[in-house]
Amino acid sequence: MKLSSPQTLSQIASLIQCNYIGAPDFPVTGINEIHKVQPGDLMFVDHPKYYDKALQSAATIILINKEVECPDGKALIISDDPCRDYNFLTRHFSPWKMTDGHRGVDVTIGVDCSIHSTVVIGNHVSIGDRCVIHPGVVLYDHVNIGNDCIIHANAVIGSDAFYYKARPEGREKMHSCGSVEIGDRVEIGASCTIDKGVSGDTRIGAGTKMDNHVHVGHDTVIGEHCLFAAQVGIAGCVVIEDHVILWGQVGVPSDLLIGKGAVVLGQSGLTKDLEGGKTYFGSPAEEARHKFRELALIRKLPDVVEKLGL
Amino acid sequence: MKLSSPQTLSQIASLIQCNYIGAPDFPVTGINEIHKVQPGDLMFVDHPKYYDKALQSAATIILINKEVECPDGKALIISDDPCRDYNFLTRHFSPWKMTDGHRGVDVTIGVDCSIHSTVVIGNHVSIGDRCVIHPGVVLYDHVNIGNDCIIHANAVIGSDAFYYKARPEGREKMHSCGSVEIGDRVEIGASCTIDKGVSGDTRIGAGTKMDNHVHVGHDTVIGEHCLFAAQVGIAGCVVIEDHVILWGQVGVPSDLLIGKGAVVLGQSGLTKDLEGGKTYFGSPAEEARHKFRELALIRKLPDVVEKLGL
Amino acid sequence: MKLSSPQTLSQIASLIQCNYIGAPDFPVTGINEIHKVQPGDLMFVDHPKYYDKALQSAATIILINKEVECPDGKALIISDDPCRDYNFLTRHFSPWKMTDGHRGVDVTIGVDCSIHSTVVIGNHVSIGDRCVIHPGVVLYDHVNIGNDCIIHANAVIGSDAFYYKARPEGREKMHSCGSVEIGDRVEIGASCTIDKGVSGDTRIGAGTKMDNHVHVGHDTVIGEHCLFAAQVGIAGCVVIEDHVILWGQVGVPSDLLIGKGAVVLGQSGLTKDLEGGKTYFGSPAEEARHKFRELALIRKLPDVVEKLGL
């Protein structure tokens, strides 16, 4: 997320009572996670395995749990618990308060929309022109919807990321302060759920269509003109390029990439990135023609076992 | 769908500015798709592969993109884009306007029903006697529910078909103008979604029970006394005969037939029609006893590989 | 369920017009199913296969369809249809009437909660302190929620068990009169559904977190600090111990036990109890390391078939 007004390194460090390395007036203009950071952003890292990646990322302020050498043009904030302090900062700069009634504050709605009176619209939401939003839909805060979109009954857009920090006493919820960005001509089926980004955006590209009961996790980025059949489940931080087709009940774990134009047949479950332009099947999913050959070979097992006298 | 008042061939052709073959006063009483057509119905066909099937169907008016020979007793309308013109006609004869508030027009409700005040009921909906409809349920237009039915919270009945025509510029939504017909003593679980027919009906037979999160696609016809466990997904244009049991998370792709009394075990995924009276398992699903034998054979693979020195 | 005031054997027997064996003033303080019964509870049994189990259970009043010898300290009620009469008794002592509007009777809500005005709360519901309940959530009757819980939009808690008695004329619905008990610091995702117990409780232990579209069946008992990813489906009467992790789209059939700390990988489907502390994969699920070895062996099938000339 971008801060509504720029802060300085010393202001941020004093909020979380930490020491820092860098000029006191070093600018902090946003807060984000590793896969979304830009210059001006603060990010956090709390494991030595990721120190290098964090220090070399586009982020210019690193909230870190060790006093390491500060890269040129960057600043460090030293914390004994960067995750806790990051969570504090996102809550501080993006506090959450439940919408009262059916319309939040800072809501803009385009012309010629049909939005049912039961739809609940959170704060900081924009809806483009000629959209249809059916009864019972819930839009959390920070949802932006393009033109000519259709959202079917009881869908939920912008719910919190399923994202926790393991603590000895239980899981600590990471505050979700990101957004959902939906392009033009997107159709979202009944009872779909689309989580917001933790601090970045979940994106659905223009022209993409989803059937009922599809789940899309936080910070996932979906291209244009994709087609997802019913009950597809897509975890967080997935990247799906344009023109991808996922048939019913396909499952996509987090952090994977599906290349342009890939087709994944029903009930398949991914375990790795998929190259575009090919058809996949199985759980674990592999190229469909390999999988079908494998299924044919398995049908020869009675002969194999008989021939070997097993 | 049936037209509210009969039209003539020349009236229909003039609405879409097309030439026609047949008597100007040839009657047009309905609009439907290939798998639902009856005499008096107009249907469309836009691919030579399906010309014969369309011309020999029960439909008596064929909207087609080639001037072919007209079968006896039928009429043709010649269009450069039959799908576009069909979509125009269904929108023209069944225009959609969002229900204002919680009760649409032309709603009939039987005696002794418990319908929560948050339930949204669209236009042209009928509900039989002694039904219970829990909070948050959304009934779109053209839903007819029998007697003694129970619909659990946040279920959605009559949502649009997941059905598009691929166009160079993206997918064109087919207007759903069909209905959902639910028999007596049906119970539908929380958060289920049942899509309406594109121009025909989605049907749920009497006595059928569905657990939570079940999805039923457009124009699917389900028999009597079926039992579907949670998270079952059934695509469009499926036929499921009486007394079929689908256990949790089973997936049924479009256009398949499941015979009377078949049982499909949990997480199975169909790829072909299933004969009635048998038990099936697997993805792809096959008869359970074959699948279990196959699983037993796979457990012998270590011996096979050792014996062959592979 | 416990009866709001204790009854006597003769009172109960007269309600269902049955003969009984035991002292007329033998106390009946609750009604429950076999897996939940305690002394003072009435349970039913209608199949000789289960007579012994029922008679030797903790229940002290057995509603049974044969005049058998009555164990010491217990009482019998003889019925020609114990299931019908049990169903009558639960309806009699826990009659259901739809909540009028958004707040039922006997609702207690703790301090500092954010509960959206669209949330529907049934009768006999308690909500602890500092809970957040997002728009469109439906709480049926008899739901008890601990402190610091978060329930996301359009989730449904306390819906009826998917539980019927097969009758020649169709399935008879068993009346659900149990409850849902949710511990402290539980988070439940958008569009989740959690069914109430038939006559006992469905329980979610403290600190457990569920992603969107998770389904939990009736009388299932879930431990503390579990993590269930999106679209997990858990049937009725399942026991899941503490610290279990189920990844996306996992399916758990009824009556199974998952031991403490077990991890089940995405799309797996269980067919038997799982020992704790291990990782499982596949449908049917087995230990992941066995399953991965099996997948490696299957990849050798081309060599096997070639070597054998099949």
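Think of it as A, B and C in the order they're written, each chain with its own count starting at 1.
In this section, a residue touches a chain if its C-beta (ideal position, glycine included) is under 8 Å from a C-beta of that chain, and two chains touch if they have at least 3 such contacts.
Bear in mind the structure is a predicted one, so any value in this text is a computation, not a measurement.
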item: Same or different residue numbers at the subunit A/subunit B copy interface, by half rule; value: different
item: Turning angle required so that subunit A lies on subunit C, C-alpha fit (0 to 180°, nearest 5); value: 120
item: Distance from the mean Cα position of subunit B to that of subunit A, given in whole angstrom; value: 32
item: For subunit B, residues that touch 2 or more chains besides their own; value: 118, 136, 154, 191, 213, 231, 249, 267, 283, 298, 304, 308
item: Residue ranges of subunit C in contact with subunit B within the complex; value: 97-102, 118, 120, 136, 138, 140, 154, 156, 159-160, 162, 164, 170-171, 173, 191, 193, 195, 213, 215, 217, 231, 233, 235, 249, 251, 253, 267, 269, 283-284, 293-294, 297-298, 300, 303-304, 307-308
item: Subunit C - residues contacting subunit A, complex; value: 114, 116-118, 132, 134-136, 150, 152-154, 185, 187, 189-191, 206-207, 209, 211-213, 225, 227, 229-231, 247-249, 266-267, 283, 295, 298-299, 301-302, 304-305, 308, 310
